[in-house]
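Common to both upcoming complexes is chain A, partnered first by chain B, then by chain C.
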Partner chain A sequence: MAISTVIYNTFFRRNSIFVGTVLFGAFAFEIGFDSTIDKFWDARNSGKQWKDIKYKYVEKDDEE
Partner chain B sequence: MASRSVIRSAQSSALSSSLKCSKLAAPASGSAAVVDQKRYASNFYTTDNTYKVPDFGHYLKKNKGDDASRVYSYFMIGSLGLLSAAGAKATVQDFLSNMSASADVLALAKVEVDLASIPEGKNVIIKWRGKPVFIRHRTSHEIDEANAVNVSSLRDPQEDSDRVKKPEWLIMLGVCTHLGCVPIGESGEFGGWFCPCHGSHYDISGRIRKGPAPLNLEIPEYEFSSEDKLTIG
Partner chain C sequence: MVNRLSGSPLFKRLASSVSRGFSTSTKQASGEVSGATRNAVLATVATGGLAAWYVNLYGNPIKAVTLAEHGLHPAEYPWSHNGWLDTFDHSSLRRGFLVYKEVCAACHSLNLVAWRTLVGVTHTSDEVRAMAEEFEYDDEPNDEGEIEKRPGKLSDYIPAPYANEQAARAANQGALPPDLSLIIKARHGGCDYVFSLLTGYPDEPPAGATVAPGLNYNPYFPGGGIAMGRVLFDGLVEYEDGTPATTSQMAKDVTTFLNWAAEPEHDVRKKTGLKVLIITGTLWAISLWVKRFKWSPIKTRRIVYKPPKL
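Showing the complex of A and B:
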């Protein structure tokens, strides 16, 4: 059986499974997308964010 | 309608003459028109046909029968739905998170205090949501004093047990209920707090006893998260 037939029978034959796959895919996509963009943002701005320079000031924070 | 039937009858007479079977030629009534139509079709195919219909098989897909093309279509539809769902969810979430408390507010919302460092008979003032909070570790003598007061004689009648969760710990907002000054601890005529602005006297349970203030010192929400840990807020 051709791969396309297998895919068709697995995901697209029933609308409930099709919609369910789309929604689950959206959920998984969002997690992956968010973490990827966050990683990119942190890499792009490394050394500028508070979490990168916190060690310089964290003792001062404790005294207050 | 009339013009169409005229055309039909003209056609039928022309065709019937070409077929040489004029007895089938009927007058142009409803059922006769159908008969004419059949004769027109048969005439078309019986004549010698020199018109060649081209072969369009060249344009047909080679894999017309299998599922590849509809899998492709459904995949594209599903991908669009997936991206739309993720985008819609993110949009709604952004709007809703706009309404919730921001990080700086949440950071001020709760304060944890280590009670083990406060000795008996001492006041501690901490800042909570921009306001001072008095914490007093009361002695047993002070607890008895607070309970001995005749509640009905007070301006804002309140039992001492309604104002504390553990009798030895009195926790209240250090804001005078008159005009919002910060009272001074361990002073005043009743051994509690005294507001220097307009001379309100509070007793050892923080209740108003003398002066212009109308109400007792306010009690914030707090709980003892463990034996000697206090969480305000």
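Showing the complex of A and C:
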């Protein structure tokens, strides 16, 4: 069975499966895309963000 | 010669048009100037004259504002948040808030910034709570309808130094210290301007510059006379992270902080911009490919005309 036939039978044959694939794919893509951008952003701005300097001030609070 | 070169119908058409062009020009050169040509010359002269008159009248306006009145343009500084994908230097924001609190806040309000917005940006929530509690705010009316005071909470806004505009003017010889919440957005040059203004006070005004009484000379301020005097001097504040508190360091930190105050959505905006560019760029490339794919039979087809045999 050709790969295109497999894809057709799995995702496109039934409309409910097709719509479900679109919706789930949108969720999965958004999560993956956003976390990739966030990782890139954090790498590019490492040392400049609050989460990078937070430890200096949170530890001080614990000592008090 | 043209006929010798020409093998195809295209060349023949070219050759015929060229020869026609030659014939027209020879006819004009030999005969009198036609009416159409004279009209064209007249129209061109009239248009040129009209344009010259217009430029003479409006092209060189008298400027009512001298360069000094316009204010010296600030230099461009390499802010660490300048790039499309760069965030603020948050250590600088923290130092900048200290400078605002200890220096600027004596006269300038920060009406649009609430204490809670500092949490997770410059300070921990415990630190901000402690700072807010140092100020008193109006509480809700009690059973007698009297309004009592209560210590500040995270949801309160940073208190203004003056109760209202009149009080602010009365305390500053009639000059109103502007609210600094949006000052970076509200001034041409943004960060560069504010930094230049803070660091640009000369020891004495240059020769020829006149400053009205009660004003201070600053070349970056439009007109040169500014009611605010120089406020930042080396060692004015003490940074907790040990950074030397020079004038330019304090000006840089407070300018960065005010840029954050004016644009708290800064990081989200830049991240979203990157996402939008990636997604729309991909969609654009796909649409380009689809168009070429769909059009390929049309673009590569060949239309052949077979003349009927007579």
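Definition applied: the second predicted complex is superposed on the first by the 58 of 64 C-alpha atoms of A that agree within 3 Å, B and C clash if a C-alpha of one lies under 4 Å from a C-alpha of the other, contacts with A are read in each partner's own complex, and residues count from 1 in each chain.
Definition applied: a residue touches a chain if its C-beta (ideal position, glycine included) is under 8 Å from a C-beta of that chain, and two chains touch if they have at least 3 such contacts.
The model shown is predicted, which means the values in this text are computed figures rather than measured ones.
J.: Please work out whether A:Phe33 is in contact with chain B alone, chain C alone, both, or neither, and reply first, second, both or neither.
T.: both
J.: Quick check on the superposed pair: does A:Ile7 touch chain B, chain C, both, or neither? Answer first, second, both or neither.
T.: first
J.: Between chain B and chain C, whom does A:Phe18 touch in the aligned arrangement: first, second, both, or neither?
T.: first
J.: Pick one for A:Arg44: touches chain B only (first), chain C only (second), both, or neither.
T.: Once the two structures are laid over each other on A, A:Arg44 reaches chain C alone.
J.: Please identify the positions on chain A that touch both chain B and chain C, taking each partner from its own complex.
T.: Shared contact residues on chain A: 33.
J.: Under the touch definition given earlier, write down the residues of chain C that touch chain A in their complex.
T.: 80, 85-91, 94, 120-124, 126-127, 241, 267, 271, 274-275, 278
J.: Please output the residues of chain A touching chain C within their complex, sorted ascending.
T.: Interface residues on the chain A side: 33-34, 37-38, 41, 44-45, 48-50, 52-54, 56-58, 61.
J.: Residues of chain B touching chain A in their complex?
T.: The contact residues of chain B facing chain A are 66-68, 70-71, 74, 78, 81-83, 85-86, 89-90.
J.: In the complex formed with chain B, which residues of chain A make contact?
T.: 2, 4-5, 7-8, 11-12, 18-19, 21-23, 25-26, 29-30, 33
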